[in-house]
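Next come two complexes, and both contain subunit A; in the first it sits with subunit B, in the second with subunit C.
What follows is the complex of A and B.
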């Protein structure tokens, strides 16, 4: 790890000491920021290092969330068992669909993943065992730590995602991904098994995103297709990533926290034009800091 | 027993839709040989290279590399077997450094990443001083050199070079030519040069193949090429005789 990376790592660890100082409101804002951080860091592996924008990455948020919820509700499995299974199911699903899906590039790939997200949302809304459009109620968490547990879970997930990003940034594995991002045909002719590396990268993104969805499901105790396959969440992940700086380890964190705080402030003061301001923000980012706050 | 050819192309055909780009192309390449492939624009030269490296799969015919059929192998598998290539329009990893551009193929296509060896290759092509610069910031001549460095870093048995002289000024052409000669004498690697700059090509190769509309119309030494009627026709069209009485 480099100097900056170590600093960020310790800052993240230090965040674990914050909760006693926080009001319930700020605890919630920070938890949301951490969730967005984990999601942006996940997407960063795929978009930032591999060059594939999975605009419908929230599909995996839904898969992870629903798998976790169904395992808890229907099979009576404890959360600590259901959550990792949710993550793994999400990652395996990604591994399965990656080879055909990732023949598409750039906006074609982005739109197809979005279609996947919307289609899965519709499917879940129309199946019986998923609770249909009515969704699923989960038991309220009553273990040690109370609701703070979700703050720590998202913090852990963010640290995990951060370390994965650092690994990609510094390893030969990451070199393969970057080579694919720069020029896939050249990478392939230089000996990189592009299908394999793209699939693994896609599935790493799906693992973190799925775990994030699982934690979220238990946190809000009620999930339905609209909240778990929400296209607005996809937009938020991409805005956070663009704002912070794509393809850097610090960018996604910076972007996620800035966006979430900004969003809270705007939401409180201008509830009616909140969406407009967010849209303006995207335009401004593209015009003024196209490479994000943290430049590559 | 007859010695096995390094590369053997047998009756390879390829169509894109109704357009037959390669028509039963056959040739061989021996170990250490340098072969030139020339032909007018659109004659199928780059497609042939793409078939050899596996980027495009042929419709019929076969490609043997070191006696093994490689038709079903993916490009990265062929690279690992010892095929290095450069592209007509350079395809560098632009946001990565010059050194990283060489390290990646070494790790995935060659015998393993070795920074010292990568630096030696960069010294050989004259890019060592620029090793920490981003590849996207190089000039065209430097980009061509880096493509060459990247291709030889996998310790190939054959180098497939797609218009390596294109777009370069005479000085750079001479420099790249010298570099190719040096690479050939030091490593003994076989080379296939797809080329338009015939003057440079003829200084390095003793055998050329001429492609026209996907067919091989000439195979032999460079001297005979200019005398071949078929070749002249492919480049300049049919001989035109003005009708009697209209001659001035």
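What follows is the complex of A and C.
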């Protein structure tokens, strides 16, 4: 790890000391910021380093969340067992669909992943065993730490996602991904097995996104297709990533925290035009800082 | 020994056939040039050889082994490398990162080969920390060739060697290629529009037209042939 990366790593660790100083409100804001951080860091591996924009990445948020919830509710498995399974199911599903899906590039890939997200949402809403449109109720967490546990879970997940990003930034594995981003045919010509590498990158994104969905499901205790396959969440992930700086390890974190805090302030001041302001923000980012705050 | 032997190769895109029954060979240590007008199938031919385009029919033998069904990474491992048309560099990455990616199938010897490439192209060493996108056209072509050399190929294929380069730069590249052949015995297959250059640096040459080989022979003989002089060298 380089100097900046170590600094960020320790800042994240230090965040673990914050909760005693926080009110419930700020604890919630920080938990949401960390959730968005983990999701943006996940997308950064795919979009930032591999060049594939999975605009419907929330599909994996839903898969992870629903798998975790169903294992808990139907099989009575504890959360600590269900969550990792949820992540793995999400990652495996990604690995399975990547080879055909990733023959598409840029806009086409983005739109197809979005279609996947919407289709899965509809499927879940109409199937019996997923609870249909009524959704699933989960037991409220009553173990040690109370609701603070979710702050720490998202913090751990963010640290994990951050370390994966650092690994991609510095390893030969990451070189292959960057080569695919810069010029896929050229990477192939160099002897890089592009199908394998981009599939693994897609799967890494799905793993973190799925775990994030699992934690979220238990946190809010009630999930339904609208909340778990929410297209607006996809938008938020991309805005955070673009705002922070895509293809850097610090950018996604910076973007997620800035956006979440900004969002809180705006939500309070302008509850009715919140969406308009978010839209204006996207326009401004693209016009003024197209490469984000933290540039590559 | 025959390093590369291509027989009756057919290939194309969608319904459009580009290559028609192309046969060609490269001996060990030989420099072979391919020339012909735009759209004659030269670049398509190299794409089929490296494996990014599947042939419709025919065979490609490399060191007496059938390779037409192998994926590109296997072919690079066997010793085929391509410096592609338009250089196809990783523009957002540094010069050294580009070179290291060229060593993808030979990571254990990357350091050694980095020094070897820098010895042929000293300016790449000076610019090793700069982005490939910030290099001049000539330096980019050097990087493209250097990157292809990183996998220690037995056959180096170069698509459009002189495209968009100043004559002085082209002369230098030609000299370096000749030197590489002398010192390492690497065979080369060079696609080149500039016919006098192609015939100057090669031992043998093939003339492509509309996807077929219409002429072939020793370069010095082709240089003297009237049909070649009229069509390609504008000598009356």
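Basically, the second predicted complex is superposed on the first by the 296 of 296 C-alpha atoms of A that agree within 3 Å, B and C clash if a C-alpha of one lies under 4 Å from a C-alpha of the other, contacts with A are read in each partner's own complex, and residues count from 1 in each chain.
Please note the rule applied: contacts are C-beta pairs under 8 Å (C-beta built on N, C-alpha and C of every residue); 3 or more make two chains touch, one makes a residue touch a chain.
Keep in mind the model is a prediction, meaning the values are calculated, not measured.
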| item | value |
| --- | --- |
| Clash or fit, subunit B versus subunit C on superposed subunit A | clash |
| Touched partner set for A:172, first subunit B, second subunit C, both or neither | both |
| Subunit B versus subunit C as contact partner of A:28, first or second or both or neither | neither |
| Partner chain in contact with A:193 - subunit B first, subunit C second, else both or neither | both |
| Which of subunit B and subunit C A:182 touches, first, second, both or neither | both |
| Which of subunit B and subunit C A:274 touches, first, second, both or neither | neither |
| Shared contact residues on subunit A - subunit B and subunit C | 172, 175-176, 178-179, 181-183, 185-193, 296 |
| Residues on subunit C engaged by subunit A in the complex (per definition of touch) | 50, 52, 71-73, 75-77, 82, 84, 88-93, 97, 100-102, 104-105, 107, 147, 151 |
| Residue numbers on subunit A that touch subunit C, as the complex places them | 172, 175-176, 178-179, 181-183, 185-193, 296 |
| Subunit B contact footprint on subunit A (complex, rising order) | 172, 175-176, 178-179, 181-183, 185-195, 296 |
| Residues on subunit B engaged by subunit A in the complex (per definition of touch) | 53, 55, 74-76, 79-80, 83, 85, 87, 91-96, 100, 103-105, 107-110, 113, 150, 154 |
